[in-house]
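Note that the chains take the letters A, B and C in the order they are written out, and that residue 1 is the start of every chain.
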Amino acid sequence: MIKFLSFRLTTSLIALVGVMIIVFFLARLTGSPASLYLPVDATDAMIRAFNQQNGLDQPILVQFVHFVGNVFRLDFGQSLSQQRPASEAVLSAMPQTLLIAAIAMGLTLLLSIPLGTFAALKPNSPLDRAITFFSLVTSSIPEFWFALVCVLVFSVNLGLLPTSGQGSLASWVLPVATLMLHPLGVLTQVVRGAMLETINAGYVQNARARGYSWQRLAFRHALRNASLPIITVAGDRAGGMLNGAVIVSAVFAWPGIGQVLVAAVYNRDFAVIQAGVFVVGIAVILLNILVDLIYAAADPRIRIS
Amino acid sequence: MKRSTRIFVGMVVGAQAAFAFATAPALAADDSIVLALPTEPTSLDVCDDSTHANSRVLRGNVVESLTRLDPQTGAVQPLLATQWSQIDANNWRFTIRPGVKFHDGTPLDAKAVAFGINRAMDPKLVCQTYSLFTTKTTASVESDMVVKITTAAPDPILPAHIANIDLPSPATPADAKSAKPIGTGPYELAARDIGQSITLKAFAGYWGKTPDFAQATYVWRAEPTVRAGMVKAGEADIALDIPYDQTKGLSNAQQYSTNSVFYLRPMLQKPPLNDLRVRQAVAAAIDKQTLTEVLMDHSGSPTDQLVTPLINGNIPNYAGIPFDTDKAKSLLAAAKADGVPVDTPITLVARSDLFSGASEVDQAIQQMLEDAGFKVVLKPVDSVAWSAWARKPDSLTQPVNLLTSAHANMSGDASLSFPNFFTSKGRLGVANDKELDSQLAAAAVAGGDARTQAYRGAAKRAYDQEIVIPIAVLDSRLLTSAKVSYQANGFTDMELHLADVRHAQ
Amino acid sequence: MTITQTLAPARPTLGIRLKSTFSTGRLGLLMHSPLALASALTLFVLVLVATIGAPFAQDVANMQNLRLRFFPPFSLSHGWLYVLGADALGRSMLAQLVVGARTSFIVAGAAVGLATIVGTAIGLVSGFLGGWVDAALMRISDIIVTVPSLLLALAVLFVLEPSVINLVMVLAIGRLPIYLRVSRAQTLELRERVFVEASRAIGASDFSIIWRDIRPLVMPTVLTVAMLELAMVMLAAAGLSFLGVGLQRPDVDWGTIVSEGREYLTRAWWATVFPGMAIVITALAANLLSNWLRASGDPLQATALVAAPSRDEDARK
């Protein structure tokens, strides 16, 4: 176990280094911040002064070496647009992201597992059709469209929920719903598919022949064996939630790493992009380790080594 | 099943605890207002407050300048200076208003004013306001309450120019940008939640009239639907930049001019746009009337000039080339007959964030040009990519193009407009016309009526050469809640003075 | 899916038994499943429209008529072209949808295809070989998950030109990890099975075990995911359009149309609802068909296909 964890952590850190290298250069491909932070008619001298102040005047490789040196001290530099350290900007947003991702993922699992299982128990029944239809529709509506229509319907017309921002409990409803929209549909489908597969496997059929009830079989045995694809997809979607919630932050101005990263990308705030990706990277690494541990717990045939 | 139930309960409890933490001030109290704006300021430093995002929050609210311009007439009015006089061509004397205090309690005196002006003019600080001054401007203390301002070259309209420099408390670092603006305005910065909101509260020691609302909270909402929804749902009291169709039929909507002109800039150093007839054909091919009336839903009015009547360089009753597709075709044919390669594809550099609906307007312009016989390739860009097409030196090496751009000038004077676009040294221009250069150089040092005439003369020459092809003066809209009464004016887009927001009767 | 896939090594006898039924009976089965048939027909028509209709509609779709700005749908007063209304520039919604169909299918198909092939290949190798290879490949997947697709899209848009190919690349890279994970997870499980041991005992190479024994069993799940992803990718493209880094005019896909129309939600619902519905319908059809294909491809699930229990029993015999 400890061997596994240390192995995973070392390889993951190597991956993180790779990410940071990619992001460093990718960010600088998106153009110079000088054209954004200075007036359109800025003089050459102003541009030079700006670049010098922000260390952008040096050759990119020198900048990179400098950056790497600072990262080891966990110093990501100063945010251009926020006038505070980039790491502070990112870390202050992370709890919100973790929280909403956990809530959305928890609710998604709570809903999709029963829905998918019931659908799989009676394939092609009206219930299955209804669940399949529902899950396919939710997973194929554009998120931003759903979010905007919800704002118009629930906030403007009905006055039930706040339009945006983060305040009362009610303000969480629409962002969480938007975040759940696609994962819910997809996971319900995955649960249904995986359950169908295991339910039809020989041993379940055998058990059924011996008179075990469907429900008992489904939730006791089949679900456990069907869990691999479910965990995989849930893990993937959870990673997406950590990284993104981009639409949610764009529409609802929801605070979180998604908003910070989007703003940083648009504002060419390289320091924040790098710090953000670093922190998200660590979160994703931990999530992946967690997913692997859950794999092992769910399926004894998988050895952790 | 038991296990999962327990997990569920745990989760709910956790979530509730989190909600309790996250609960922010719910409904705004009676003496406070909420404003929904599209973008957060990129800097809260006083010397950066000449961009829309920054100035909307800061100017006239947190910080003030020596003078201010009248939103209706553009005339210079006293603000932190009570009077001023010109000593000689390069020197001015400003008398400072007595009894004014900064939010930190420091009294406003000549020393503080000189500090603020010299700080903004420090090239090493790289301030947004710095580039508004074409000539080196310095301030020095003459007596306790009198400050002398010196310009390297004569600046006949310095009292108007100086309205751009807002004055920070002397406690502000001189050599670094500050995120804590301390000014003399009716409101002081109370709280900032980066990415979420900025809260201002009324400053008890304000020298002028106490504003109606004790607190104002700005929130940033990128989607216009959400901004409008906030006012409709009673969450916000003022929402800016609302598209026409979301204000239709609403009595609480106001339309106001942004004094911003949407224009095309032809790349006139490369064929075929180096030929005047081809540029005239571009102008004739664009149906400004239809663009503004139908596509922009009247949120703009056709114009043939780069500046609005607020600016002295505006030529009264000037008319450019009228819309006439046949004329455009014949101009193109004439150019073609002379060997001008009119079939060269022209890139239409389309910046979609210029105004709401800009990308549709760009597509319509593309079609209008193609109807007249041009070959036009649409190139959508964001502001950073746009900059490489717009600014020298990069702009000179780009392939032949029509650049979409918008220009706002609220200073009343053309010196902040024409030199930049029309002269050979102009950062945003691609023209190279010696006569125009000298006309504008002469205008810059002229005063009074001679200045106005000189700028109008230069403008006429530039328009006749189609150095820029102005299309529309842009309007914007705002929504107000039933709680407030606010009259939008020509400056609203740049400066939304909270002191002008009153309790609704 | 091919017949070989039904020859699942885990249950070879059954596979062989069913092989004869399948080669003749696949279409027959489709005929008996009205939902699957309808889905197949819908997709067929959509693809037909996209391939044959789009070239004809191209010019019409770009034809602006400002007098018809937001012309409402379900009226033939300006001809059948405007039966679905007009957009902000007075362009025919119908023609836009037809042209958008082609782009959407090309983008989604290419991105999903690319991601499926590359992702599954990596996942199979990774899961089967394990050890350092697995660790390295999985970490690549972690990298991809961690780099924000918005940043990737913006960088690509900025450095290269915004085009269909670049959009496909961005989307494919972003969706690669899911195939990698799914196929790896299944491979991890399958490589412990008896038939793999058996193949190894008779001296089969790693490649041949992966290709012949494991891949056929992994593919159904991967294809299910791929079918689901088809709509996901269309939506991801729409999301990028919403953020301003998706396809740019004159290229247009359904997602771009939804995104452009969102500003007029209260005024012209048809500008977003029709393209949105096009995505939903495609997703529904693709998914229903994929469910059916998977079920019919899997001999044990084939039982579930025919509604009547008695025939169910017959089919099994």
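Please note the rule applied: a contact is a pair of C-beta atoms (placed from the backbone, for glycine too) under 8 Å apart; a residue touches a chain by one contact, two chains touch by 3 or more.
Everything quoted here is computed from the prediction, not taken from an experiment.
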item: Chain nearest the overall C-alpha centroid of the shown protein atoms; value: A
item: Most distant chain from chain B by Cα centroid; value: C
item: Distance between the centres, which are taken as Cα means, of chain C and chain A, whole angstrom; value: 21
item: Centroid spacing, where centroids are CA-atom means, of chain A and chain B in whole angstrom; value: 37
item: Gap in Å, rounded to a whole number, between the CA centres of chain C and chain B; value: 46
item: Chain C residues counted as touching two or more neighbouring chains; value: 158, 262, 265-266
item: Interface hub residues of chain B, defined as touching at least two other chains; value: 225, 382, 384-385
item: Chain A: positions in contact with at least two other chains; value: 30-31, 148, 152, 250
item: Of all residues in chain C, those that touch chain B in their complex; value: 62, 64, 66-67, 69, 88-89, 158, 162, 244, 248-250, 260, 262-268
item: Residues of chain C that touch chain A when the two form their complex; value: 11, 35, 130, 135-136, 138-140, 142-143, 145-152, 154-155, 158-159, 177-178, 181-182, 185-186, 188-189, 192, 220-221, 224-225, 228, 231-232, 234-235, 238-239, 242-243, 255, 258-259, 262, 265-266, 272, 276, 279-280, 282-284, 287-288, 291, 294-295, 298, 300-301, 303-305, 307
item: Complex interface listing, chain B residues touching chain A; value: 1, 8, 11, 14-15, 18-19, 22-26, 40, 42-44, 50-51, 123-124, 126, 128, 130-132, 177-179, 193-196, 219-223, 225-226, 229-230, 232-235, 382-385, 387-388, 390-391, 420, 426-428
item: List of chain A residues in touch with chain B within their complex; value: 30-32, 35-43, 45-46, 49-50, 53, 81-84, 89, 92-93, 96, 99, 102-103, 106, 110, 148, 151-152, 155-156, 159, 162-169, 172, 219, 250-253, 255, 259-260, 263, 266-268
item: Residue ranges of chain B in contact with chain C within the complex; value: 224-225, 243, 245-246, 248, 290, 294-295, 352, 356-357, 359-360, 363-364, 367, 378, 380, 382, 384-385
